[in-house]
Amino acid sequence: MNSLRIAIGGARGVIGESLTPDVIVNYSHAFGTYVEGGRVLISRDTRPSGQMVHHCVLAGLLAAGCEVVDLGVCPTPALQLAVRTSDAVGGIAITAGHNPTEWNALKPIRADGIFLNSAQAGELLDIYHQRDFRKATWDALKPYSHDVVAGLQHLDAIAAELDTDLIRSRNLLVAVDCVNGACSEYAPGLLERIGCRVVAMNTETDQPFPHQPEPAAENLSQLRALVQATGADAGFAFDADGDRLGVVCEDGSAPGEEMTICLATEMILSRGDPGPVVVNLCTTQAVEDIAAAHGDREVIRTGIGQAYVSEQALNSRACVAGEGSGGCLFPRINYANDSLATMGHILQLVAGRTSLREVVASLPRYAMTKAALPCRTHNAFSALERLREEGEPAWADPAQTELADGIKYRNRDRWVYVRVSATEPLIRVIAEAPTQGESEWLVREFLSAIRRLI
Amino acid sequence: MNSLRIAIGGARGVIGESLTPDVIVNYSHAFGTYVEGGRVLISRDTRPSGQMVHHCVLAGLLAAGCEVVDLGVCPTPALQLAVRTSDAVGGIAITAGHNPTEWNALKPIRADGIFLNSAQAGELLDIYHQRDFRKATWDALKPYSHDVVAGLQHLDAIAAELDTDLIRSRNLLVAVDCVNGACSEYAPGLLERIGCRVVAMNTETDQPFPHQPEPAAENLSQLRALVQATGADAGFAFDADGDRLGVVCEDGSAPGEEMTICLATEMILSRGDPGPVVVNLCTTQAVEDIAAAHGDREVIRTGIGQAYVSEQALNSRACVAGEGSGGCLFPRINYANDSLATMGHILQLVAGRTSLREVVASLPRYAMTKAALPCRTHNAFSALERLREEGEPAWADPAQTELADGIKYRNRDRWVYVRVSATEPLIRVIAEAPTQGESEWLVREFLSAIRRLI
Amino acid sequence: MPTVRTLKTGVSGIRGVVGESFTPQLLVGFAQAFGTYLDGGTVVVGRDTRPSGEMARNALIGGLLATGCDVLDLGIAPVPTIQHTVRRVGASGGIAITASHNPQEWNALKFIHRDGVMLRPYQAEELLAVYYQANYTLVGSGRLGKLESDPGAARKHLDEILDLVGPDKELIAKRRFRVVVDCCNGAAAGLTQPFLRSLGCEVIAINNSRDRGFPRPPEPVPQHLGQLEAAVREHGADIGFAQDADADRLAIVTEAGVALGEDFALVFACDATDPSEPGPFVTTLSTSRMIDEIGERQGRQVLRTPVGEINVVEAMRRHNAALGGEGSGGVIWPRLQLCRDSFAGMALILRGLARRGGTVTEWKDSFRPGAVVRARVDCSAAEAQSVMMALREAYSGEQVDLTEGLRVVWPDGSWLHVRPSNTEAIIRVVAEADDESAAQALRDQALEAIAAHRGR
Amino acid sequence: MPTVRTLKTGVSGIRGVVGESFTPQLLVGFAQAFGTYLDGGTVVVGRDTRPSGEMARNALIGGLLATGCDVLDLGIAPVPTIQHTVRRVGASGGIAITASHNPQEWNALKFIHRDGVMLRPYQAEELLAVYYQANYTLVGSGRLGKLESDPGAARKHLDEILDLVGPDKELIAKRRFRVVVDCCNGAAAGLTQPFLRSLGCEVIAINNSRDRGFPRPPEPVPQHLGQLEAAVREHGADIGFAQDADADRLAIVTEAGVALGEDFALVFACDATDPSEPGPFVTTLSTSRMIDEIGERQGRQVLRTPVGEINVVEAMRRHNAALGGEGSGGVIWPRLQLCRDSFAGMALILRGLARRGGTVTEWKDSFRPGAVVRARVDCSAAEAQSVMMALREAYSGEQVDLTEGLRVVWPDGSWLHVRPSNTEAIIRVVAEADDESAAQALRDQALEAIAAHRGR
């Protein structure tokens, strides 16, 4: 049972081991209870357990008296958009995102298309643990139907926000690696719609993931080879459910996940959209540099978790938002991390400049180092509290210290961030500095401080 | 979780592993729901987990609106007698009987003091699995109290049925091994009350079991040594909760568990009590020989499980009943396997004869062989069905074949019995014949037949 | 208030009230238990038209796939189709989601063995043991079962019936029967009309929708068939057929628009049995003596078993029966399959009617006159034991059969059967005699004996 | 209907309705989570006099023992006694089973850290994470926790208060105060009377039983204290004290039989603070300005925190406060312990009364005249945000404090505090001014501003 993670972000586990039919039925029955019946949209990514999970979710939702609309295999941001723009009371995305194929998860979505925040998730979990479920009588059961156009409507919404004439004028050749995931049909579809030529790999949704479905640099070798082989102007890698995006330049180089939000920010600020930029606490500080270069635009930092970024973007009327892991959201389209929208915006940016590599080269870059220390969850928070009590290190500017979610110390061109993983028994330490040596030193220092305190 | 056994006989598991506080609370809450509130008596044996389990049971019963009376550490037959003779609607015995110390279990008892039969246990298990529990509101919660005399009342009831003058006249010296279990106080107490001298070992209820708490021959070495060292007239070994009894003769010999029911039967039939003898399907056929010797008295065979024996004893107004494992019940006292009552009756038998060894020698004895074959429960029943379809072996008398619970073939002086274990993934094969070689041959034959059919 | 008491788990399947005890937790649990029990292979799943069927279907599919079983989903399908499909595709087993003749708020699961027969009691015990233990086999994501559907399953089932009727199809078609069928908006909706047309009948179908809910209580007993009676008269039909929600049971309305007693579906089917099909008839202790009349006429033995489809089926298998079934409208034609099948029943009865000529009323009147009456008495299982003991004493002077409860047969051929129900806390009383009042007298005498014993 | 919505789990503990959401499953889950979180050691458990306490106590003991924690069971005990015992015995933590001032049908758990203080929010988050994950540490049967009881725990707690009062006991005893105490049949029943006798008082105790149920709503606000007012008049007492169900809160009735406003327990306790005890006063933004008056007189700083015991406690610790507490009757005397303690409050107030002489009414009249009024407005958390934004604009011309919600102070010393509740979907409004009508005017102005914003 140790692989089961029942927490704020949903219920996640390994199929055949911890994410059992019982857990899935109970969790979705709890969600149906939480939304008090009403219409719920569901979708799934392409992993082989999707169908099994899907049927268990249906059973739980229907039993609670929900009307269920099934979007089938479709990107999570398309589901979130459909929930947001319909009268649905919520949604469940069946996807373990970038996790390996043996995992799956249920991610609960509220009526405005955003993931549940921690207070809402707490209510849902209370219902789940109390097992006090809404049970519709036979004559109150609702039907179940399919929606096969939500994915296309999502593409429409993206295309409507882009300058397709500009993009089309460049006749760009774009390589995509869809990892046989939920974007396999939609990524080529969007590219054609906005006037790009496409070379696509790994678009068989009934085949296994050809590599880990996380668009991190180390998983991009196939795409990099494809870009080089085809002479593509850009390459994009998707994760299994379409929230994160990885980027490859025309020379086959992969600038890393943190570059995705930098490119998105550069695009939106260049266009002059009003409102602040919202990123989480561990996203690269290059975002602040880009915002400064565009006339001291405001950057708001939030806690870790898509729900926090989305909610902050909504409340502060942000122009763009995202995370260093490759997920970006564009409030004019959606309040979800959206790899398809991100690809579209990056292509528009490239279309207005010389080339992707040149845009990347024009943006500031820092060295980031990440580490994780195993620590039982129930000790981890206390360790952080003791770390807080020790106060700022000498190099940090106390005025920039952030203690709301984890601990972040910062000064000018460097920062370190320590937090408890929400899903695994780990304390994570992340640092960024001008050089690799400096960021590694920061991580080492904090790892040893924490080891003392555990 | 594999050590959890939720089945007809109750909920049994290893502490720290499968018999968790959640399981215990749910099971007892289900029982409180099953009896629809009302007064419930509980007791426990001496294993170290008893207290933890006890509190969880209390929580579940109280939440269901039951009034709970706690008998504390006390023999299970004393609990059963108290339930039977009071207005309680049921009871829960917290004991894993003869299982090792790391196990514990909840054994549900119905209003007449007998364990639930399979239909009743099925209803209880449905409630447990559905988790649809009775929840008393704050003003409907009932109090919780203690009953410290139930164990003594049980001794009174036993003593009242015995010819204590006869026993006292022999001034017997009796050795007992209470395995630090629930009879530690009561076995010496009963012996004093009926006029025996006592030498007792392992009577510290706060100490661990000094050996496996099953009164089988292989666990009696301490007692045998004590009998020989003290020159006792008889030795008796108890299990943890006082339902089974092992016997040691004055020469230190242990005639085995099957002898206990033979001695009890000999005693009751000698006294001339009316009614049949009830034993289960795998108890020694010596019982039939003894019944025949007392004027062709009737012997009724039941399925395996104390509930079946008890219920049949009740319905057929038996004079004595029991199982080959050392548990005997005396309907004039109680419908529970009762080691203390058994000891009393055996001592009365000895008092009226020369010595225990001589009585044992006068009774018929057969050679029994037991074996178990690992087999997943859900395949085991089907294997038995195929075995049934193969029909009787040549040596068996078709008129004596029993197919109701398992398969039993018999003829004259030998039988073989095959059944699926109710609690473990095993098929059990038991045979009895005049010689060890013959009974072993029977077991071997059937083991190989089953292996073919699995 | 705990609602679990509306849950009935037992050897004949599980049954509960939707919104109370028929929960997705229960269903997904039993699906995993069944998948664990079968240890892989394909499981055929179908349901009747109850609204809760969709929820149950999803729970079962999810649970079965998780254990590594493949699922062949028939959607809405008659129970005999599901049973037929299990054998046809060589499945490991099947699950029918139907509470049969129970009201809408109930639903139930019936588990089918790989031989197409409902689980025998010992198999059901195995399944319950796995469920209670709740330690299921769950496979990794690479070995999960696959889901397929089979929209043609009912067609293949009905085609096999047509094949078995064979050349007699012509005989039936020649009569150009006009038939009204009441599908109760159940699983047979949309299937019975084309099936009977294939037999050359002119068919008027009422209550022939899958999504309108039951128009009448689904049990096809005479008092529920007023609409069908009227339609038969209105259309001047030769016969009316009524099916229940899952299409295993069948009832008959005469050309005069009169619903016949429950026993007649089986009686007619027996009477229509081809002499070329050897073997005895098998039915229950509670079924009409007309079966004996037919047996005598055809020179066949009649075997009687305790009530319950599985008991009839097992005896039919053991004795290679020609035909069998229950008086409640369940016709079992072993050349097709060993289960109650209203479609097989219709085919046999139409064949019989074609062969003998005349009307249904004339056919009915060809039997010795008689009447069957029934009653039920609330009584706990424990008390029922002592009631039955007392009754055995009360009737000890008569010719009694103690196979199940007590059956008494008098020299004039009238009989009485008293038995405790296996599933409810009631005692059932059935009596048959030459006329209604004589049958009522036998029944009332038994009821008085019961009341007298309980009054003490 | 799902009843789980009566369950409140959050950083201030868990609370639910008995028979609905306050289930043994919930309790045994949190007990295991707390035991897992603490990772061994002793846990002190006590409860108030609610009937559901016994069920909860057993669930907690069972769950804690299973995780290997030893349990020190205090049975029925005041919350401050439980907190005191945690520190005294060096326990890893404690759990108080009490819904404090909530009605009988509610009950709740309050989790206590090893330092005797309720879990801070980040600690409560840790505990919730363990509970939600439900992957508890369970030990084998040889390592299960041990259960002990400590019937003398309250005595040791109260003795320490008497020790701290020290020589002033003589001073108090000289006055031979006649005191009526209303224990609300709560956890203080049977304890307050001997405690006050040790201080030389003549004590009349009412509602002094542990098993009769609450005779009045347990919140000690003036409208609930009619019985105590009458008893004070009847017995000609010098003062009346009212406690709540778990004895953390205190209210006062004057010798004239008049219940004073909720703030007076803290006001008197501050006024009675010994000059030898250094440090500021700490209280909430919603507490009376009389604290500032005393601070000025004694030359002490007054620090104000957001509402909530834990906020006050944390500020007291950080600033080494002399005394602190909440206007709702919670007096925290840090020389004893950092928690609300009605016994400490009584001791301090009696010492103050003894030192200054005169009557309680005279003491009360020694403060600048004023009145506090309160109101609550139903409002969802989301809407509350925009309401607060609008109010900030509405009062932008005044001297405002935005620490929690909005606090406005006018030059004449009158003030207004508006804040969204942390636990309920309401906005709370408190105002204080020189007289009742002036305070009501401030309050009503705020209510109108809220209504005007929402009306748009």
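A, B, C and D are the chain letters, set down in written order, and residue numbers restart from 1 in every chain.
Heads up, the rule we're going with is that a residue touches a chain if its C-beta (ideal position, glycine included) is under 8 Å from a C-beta of that chain, and two chains touch if they have at least 3 such contacts.
It should be emphasised that the depicted structure is a prediction, and the values quoted were computed from it without experimental measurement.
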Touching both chain B and chain C (chains): none
A-C or A-D, whichever has more C-beta pairs in contact: A-C
Farthest chain relative to chain B (centres taken as mean CA coordinates): A
Gap in Å, rounded to a whole number, between the CA centres of chain C and chain A: 55
Rounded Å distance between chain C and chain D, as computed from the means of their C-alpha atoms: 67
Centroid spacing, where centroids are CA-atom means, of chain A and chain B in whole angstrom: 60
Whole-Å gap between the CA centroids of chain A and chain D: 43
Residue numbers of chain A (touch at least two other chains): 1, 131, 133
Per-residue overlap in chain C, given as positions that touch at least 2 other chains: 20, 23, 25, 29
Graph class of chain-chain contacts, one of line, ring, star, complete, other: ring
Residues of chain A touching chain C in the complex: 14-17, 20-22, 24-26, 29, 47-49, 51-60, 62-63, 101-102, 104, 133, 135-141, 143-144
Touching residues on chain B, where the partner in the complex is chain C: 1-2, 4-7, 33, 119, 122, 125-127, 129-134, 377-382, 384-385
Chain C to chain A touching residues, read off their complex: 17-20, 23-25, 27-29, 31-32, 50-52, 54-56, 58-59, 61-63, 65-66, 104-105, 107, 136, 138-145, 147
Chain D - residues contacting chain A, complex: 1-4, 7, 9-10, 20-21, 23, 25-26, 29, 36-37, 39, 120, 122-123, 125-135, 381
